[in-house]
Amino acid sequence: MDIHEYQAKELFRNAGVPVPPGEVVTTPEEAEAAAASFGGQVVVKAQVHTGGRGKAGGVKLASSPEEARAHAEKILGMDIKGFTVEKVLVTPAEDIETEAYVGVLVDRSTQSPVFMVSPEGGVDIEEVAETNPEAIRKVAIDPRYGLLPHQAYAMAAFLYDEPSQVKQATKIIGQLHDAFTANACSLAEINPLIVTPAGEVKAIDAKVSIDESGLFRLPEVEAYRDLDSEPASETKAREAGLSFVKLDGNVGCCVNGAGLAMATMDLVKYYGGEPANFLDIGGSSNPDKVVAALEIITSDPSVEVILFNIFGGITRCDDVAKGIVEATKRIDIETPIFIRLTGTNETEALEILKEAGFSAYTSMDEVVETAVQHAAKA
Amino acid sequence: MSIFIDDTTRLVVQGITGRDGSFHTRQMAAYGTQVVAGVTPGKGGQTFELDDGSQVPIFDTVEDAVEETAANASVIYVPPAFAASAIMEAADAGIDFITAITEGVPVQDMARANAYVLDCGARLLGPNCPGLISPGKAKVGIIPAQITTPGPVGVISRSGTLTYEAVNQLTQAGIGQTTCVGIGGDPIIGTDFIDCLEAFQEDPDTEAIVMIGEIGGTDEQDAARWVNQHVDVPVIGFIAGQTAPPGRRMGHAGAIISGSAGTAEEKMKTFEENGIAVAKRPVDIRDLVKEALGV
Amino acid sequence: MDIHEYQAKELFRNAGVPVPPGEVVTTPEEAEAAAASFGGQVVVKAQVHTGGRGKAGGVKLASSPEEARAHAEKILGMDIKGFTVEKVLVTPAEDIETEAYVGVLVDRSTQSPVFMVSPEGGVDIEEVAETNPEAIRKVAIDPRYGLLPHQAYAMAAFLYDEPSQVKQATKIIGQLHDAFTANACSLAEINPLIVTPAGEVKAIDAKVSIDESGLFRLPEVEAYRDLDSEPASETKAREAGLSFVKLDGNVGCCVNGAGLAMATMDLVKYYGGEPANFLDIGGSSNPDKVVAALEIITSDPSVEVILFNIFGGITRCDDVAKGIVEATKRIDIETPIFIRLTGTNETEALEILKEAGFSAYTSMDEVVETAVQHAAKA
Amino acid sequence: MSIFIDDTTRLVVQGITGRDGSFHTRQMAAYGTQVVAGVTPGKGGQTFELDDGSQVPIFDTVEDAVEETAANASVIYVPPAFAASAIMEAADAGIDFITAITEGVPVQDMARANAYVLDCGARLLGPNCPGLISPGKAKVGIIPAQITTPGPVGVISRSGTLTYEAVNQLTQAGIGQTTCVGIGGDPIIGTDFIDCLEAFQEDPDTEAIVMIGEIGGTDEQDAARWVNQHVDVPVIGFIAGQTAPPGRRMGHAGAIISGSAGTAEEKMKTFEENGIAVAKRPVDIRDLVKEALGV
C-alpha cells in the first residue's frame, strides 16, 4: 500500500526524523491560509500515489500566500499519470546546500532489508543507479541484528564529510530504520535528504510503501489508506477479499489463483484480445465473492465479455458453478459470459451451467479464444 | 525417487484443528502421507480423527510432537499473525523440512523466520505456497492429488492453480511427475527455484524439469543461469504476467514489476539465453515436455 | 547491583507484569497506615539485599493495620545476614492456589540469557535444581532473536495445564524478558509466580540484579542504588573508582588488578593471616585514588597492617610510590604499611619509598609473610 | 611458533587517538608489531605519528582501513558504550582476530556482539582483557613487553597483573613464552580457555601451558576436562580467589561465586582430577613449570 508524502512524513516525524512542518489542504483557500501561517516562501506539493509530480507541474514554489493559493488552484484536480490530485501539502521552502538520497526496502535477493544511500539525491535513484552506480552504496541489514551502529555511521560517512552532518545523518538513518520496522514498510525513503546553509540535515520529501500483510497489526497505518486515490472497483474488490487490478482492455477476467489469472490475461493477449482486469477470486466458491467479482467487472463500461477460468483443485468446480448461477440470479448481467471449469467435480459443474443456459468449456485455450473473438465482434 | 518428501516422511500438521488444517490433513493422510502428529496450542492430549477412523495425536508444541512421534517434516496452516512463529517453532524443534501454506505473512516477519530456519539447518518451503507432492509417495500441502501421477518430470512453480493447470495437462498426456513443488508467490520465501533445481538435478529419476515463474524479482533469471551451468536434463520454462502493468501487485505479494527488472519479457529472454525452452501458453508446456522426453 | 524487591516490582510493573500493589515504608506508623489503606490482610516484608528473609522472620502476615504496625516494629532495624532492615514493603496478602518459579539470567556457558522455569516455586530454586532437576526447564535465548513466542509458550505450558493460565504466563514471561533487556539485568526472577483461586497469574515476589556495566545508560535504575544497604566504605570506594569488598580479617590489602588482589588475599591466608578486604586500585597511579584507598582501609578498626602489592606493567612503579608518599602526607596513618612494588621503574620507586621511610619489598611472598607476621603480633 | 598473532599480523587500532589507544599504539609499534592503521570516526585522512616518526594512517571506519591497508587484526580501546559496536564493525569488515581491551562493556551488548563475531567467522579476545603477546614477534593490547621473553611456555589467564606476576617470574627464571594470552575477566568473553588450549596444543613450539583462572563460572572445570582429553604437554594451573566470599563480585564482572559452582576449591579439585599440576601460590607456578620442563 502506497501512502502519501504527508503521511510518510508523519511516520518519519514520529520516529524522530527532522522533517519540516507542513499542512495538508484540499482547497486553494486553505492553501493560502497555511502559507500565511508559515510565512515566507512555501512549496505546494500534489499528494498523489505516483512519482514524477515535479515534471508534471505538481510541485510549485510560492513566495506569497496569494501565490500559494494560485498554485493550489492549478494543482488541485490536476491529473498526474491517471491520478487526480485531491490534496496538496503546503510546507515552508528550505534553503538547500546539498541533496542526498536515503532509502531502505525489503530486498528479495538478500532476503533482508537493504539500505541504499547516495550523495546524489533529489533525482530518481534508478537513474543514478544506471548513470553513476558508484554514487550509490547498498548495505544489507541482517534481520537477526537489525541496523548496526557502525552500518549507519558508514552510510552517513559515505554521504557527508563534515562530522556534524555525519552525526546527524547517522541518527536519521537509524530513525528511518525504526520507522521502517515499526510500520511494516516494504519501502521507506527520503529523497532528498538536504543540508541547509546552517548545516542542518533534514528530510524534505518522503516516500513509503507498506507491506499489506503487515497492516493487520497497524490500524493507524491502515487508516492512511486513501480510497480517493484508487479506482472504486479496487476498493470494492479489497473489501470483498478479491485481488483486483483494473486494466484497459475489454475482456473481463475472473480466475482462481494469481498465477492462473496472469496466465489467462496473457492468453487473452495471445489470441489478440486485451484483458480488462486482473481478478483472482481465491480458493473460495462463496457466491458472495462471485457476485462481487461480477459487479466489479460489469461496472467497467469497456467490458464486452466476461471470461471465467477456474481450475478446481481444492475448490470444487460444482461449488463455483453454483456460485456463478446464484450470482447471475442476484444481479442482472447483459454482458456475455464464457466459462471454463475443469478439475474436481467438473462433470457436475458443466451440468449445472448448461442447465442455467451458460456456454461451458473445459479447455483454457478454447474459452479464451472464443471470448476474445466475441469481444472483437462487439 | 523424488525430492524433499517421500514415503518415509513423518509429518506433523501445525494448526491441525483449524478449518484448512483439518481438511487438508484428511486429504494428505488419504493420499498415503504419514501424518504422525498435529499441533494446536491448548489441545495437547486430544486426538484428530482421520477418514479411516485412525487417530492422530495432538500436541501443544512441535517439540512435544517430535519427541513423541519422531516427526521430521511439518506443514503449517496457522493464521498469518502466527505463521512466522510457527515456522521458527518447527525449526527449533529439529524439523528438517517445513512447509508453510499460510498466505499474508508479514514480509519482515519472514526475513527473521527465514534466517532462523537457516541457523537451525532446516529447509522451509513457502510461505504462501501450495506445498508439494511426490506422486504415489506423499503429499504435503494442498495440491490436488488426482491431477498428478508418478513419472519422470520435476515441476517447480511460484503459483498454485497455474501449476495445477500445467500438471493436469502432463498427467492427461500420460506424463507423470517425480515431485511437483509450489515455492510460493511471496517476496521472501524459504526454498527457491535454484534449491529445487539442485534437488532435481541430484534425483536420478527426474528426466525433465518444468519451471513456472511469474513477474517480479529476478529469481527466474538467477535460476536460468544456474540451469545453464549445472542442470543436465532438459528444462521447460513458462512465465505468467506478460500483460501485467509495472508497479501493480498482481495478487501475489511478490508479483510486482519494480523498475526495469522483473518483467516477463526479461525473464523469458534469460530463459532462452540459457537453453530453457520457453512455453508461450500453458498448453505449450505439455508439448515442450513431450518433445524433450521424446514421447 | 542488587535492588530491592519493591524496586524490582516497579520494573516488572513498568513492563506490564501483573504485580499486586504495595507501599514501601520506613516506620511502623506508616506500615499501619499502608495496611489500613489496602484493607484486609497484608504482608509486611523486609527490604534487604539478601535471601532467606522468611526464615529470618523478615516476612509476616498481618490481619489488621495494628498487627502490621507491630510486625513492622519488629522487622525494621532487624539484622538479616548482616544487613539491617531500613524499609519494609506492605502489600495485600494474596490467596494462593499454586506457586511457580520464573527467572532469567545471563548464562556464562551458553553466552546468552537463559530462562529457568519450574512449577515448584516459592522455594529456593537451587534446592529444586538439586532435589528435583526434572521440575526445572531451561531455555537459552539466542541474543540475535530474543525470546521467541514459541519459547515463551512452551515454558508457560510447562508450568500450567489450564489454557487461561498458560496464556497469562506466556505473556508474563515475555514481559519479564522485556524488563530484563530494558534494564540491563544480569538476573530477573519472579518467585513465586502464583495462581489465585480466581485463576489469575501474578508475581508476588521479585528479585533483580543489574549489570553494573549497563548502568551508564539507565540513570533511573542507577537511582535505585540503596547506599544504606552497603558498608559506607564500599560506597566511598565506588565513588573513588576503586573495586572494594569488605572482609573480616586484619590485613588491609591494596593491590593493582583484580586477579592479583585475590591472589594477594589468598597468600595472606596461606601465611596464616586474614585479609581485611579486597581492593583493586586499577591501573591508575593517581594519588587521589591512593588516598581514597588508604582512607577506606584505615577506617576499618580491625585493620592492623596495610599491605601494598603493586605489579608495575603499564602503571609505572615510581608513580605509584609517589602516590603513596603523597597520600600518606595528606592523611595521618598510624597503621604500619608494607609495600611491595615490582616491574616498570621499580628501582626509582624503591628509592622514593625508602626516602619517605617506608619498608619496601620486591617479592610478593616476602611482603605478605612479613605483613601477616606483623598483624599477628599486633 | 606462537598462537593468534605473530610477525605477519597487520593490526588496526580502533580508538587510536584516545588516551589509552594512542599510548598503547606507540608501545605495540615500538615492540615491532605491524600497526598498519588506526580508526577514529571523524578523523579519517589524518595520521598518527609513532615514536620513530613514521605515520600510521587514520580511517573513519574499519572497512576503509581494511580496504586500504589489508589489516587482518584489530585491537579496541574505545569507551564501553561503543565497544560492542566496535567489535561488530571489525567483524563485519572482515577482521579475523579482534582484541577488545575495554572494561565495563554491558554484558547483554556482549552476548549480541559475540554472536555476531561468530556469524562473521572471526575470533574475539576479551573484552576487559590485557590482550596478548607472542614474545619477539608481536604484541596486541597492554601486556608489558619487558616481562616476557621468547620460549616454550604458553600462558592463558583471566587476569592482568596476576599474569604479569607469573610471566615475570618465568622470564626471570629464564623460561620464555610462545604466547601469553589474557582472556579477560568478564562473564561473556570471545575466546575462552579451551580455544587457547586448542591453539597451544596445535603449536609445536609450546612445551608446557600455564592456566591462570579465578573464581566464578565453570570455564576452568570445562578446560580441565578438555586438557585431560586433548592436551599432550604438561599443564600447570592456578586459581585466584580462594578466600573470596560467595556472592560478592571481586573486581572483575565475572569474578563472583554464585551458588555452589565457581569456587576456587572446586576448580582446583577439578584441575587435580584432570592431571593439571596446581600451584598454591603464584611463585609455585614458576617452580611447577621448571619441573614440567625438566629445567
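Which chain is which? They are A, B, C and D, in the order written, and residues in each are numbered from 1.
Heads up, the rule we're going with is that a residue touches a chain if its C-beta (ideal position, glycine included) is under 8 Å from a C-beta of that chain, and two chains touch if they have at least 3 such contacts.
In this text, all values refer to a predicted model and were calculated from it rather than measured experimentally.
J.: Going only through chains that touch each other, how many steps at minimum separate chain A from chain D?
T.: 1
J.: Relative to chain B, which chain's C-alpha centre is the most remote?
T.: So the farthest one, by centre of C-alpha atoms, is C.
J.: Name the chain pair with more contacting C-beta pairs, choosing from C-D and B-C.
T.: C-D
J.: Just how far, in Å, is the C-alpha centre of chain C from the one of chain B?
T.: One centre to the other, that is 55 Å.
J.: Using Cα averages as centroids, what's the distance between chain C and chain D in whole Å?
T.: Here chain C and chain D have centroids separated by 28 Å.
J.: Measuring from the mean C-alpha position of chain B to the mean C-alpha position of chain D, what distance in angstrom results?
T.: Computed value for the inter-centroid distance: 50 Å.
J.: Name the residues of chain D that each touch 2 or more other chains.
T.: 112, 116, 119
J.: Which parts of chain A, given as residue numbers and ranges, touch two or more other chains?
T.: Residues 142, 144-145 of chain A touch two or more partner chains.
J.: Specify the contact topology among the chains shown, as one of line, ring, star, complete or other.
T.: other
J.: What are all the touching pairs of chains?
T.: Pairs satisfying the touch definition: A-B, A-C, A-D, B-C, C-D.
J.: Can you list the residues on chain A that touch chain C in the complex?
T.: Of all residues in chain A, those touching chain C are 144-145.
J.: Touching chain A in the complex: which residues of chain B?
T.: 23-24, 27, 80-81, 104-109, 111-112, 114-116, 119, 142-144, 146-147, 157-165, 168, 185, 187-188, 212, 214-219, 222, 238, 240-245, 248-255, 259-260, 264, 280-283
J.: Note which residues of chain C are touching chain B in the complex, please.
T.: Contacts found on chain C: 142, 144-145, 148-151, 153-154, 157, 163, 166.
J.: Which residues of chain B touch chain C once you look at their complex with the stated criterion?
T.: 41-42, 44, 60-63, 82, 85-86, 88-89, 92, 112, 116, 119
J.: Contact residues on chain A for chain B in the complex?
T.: 106, 108-109, 111-113, 126, 142-144, 181, 184, 186, 211-214, 216-217, 243, 245, 247, 255-263, 265-270, 275, 278, 280, 311-314, 342-344, 364-365
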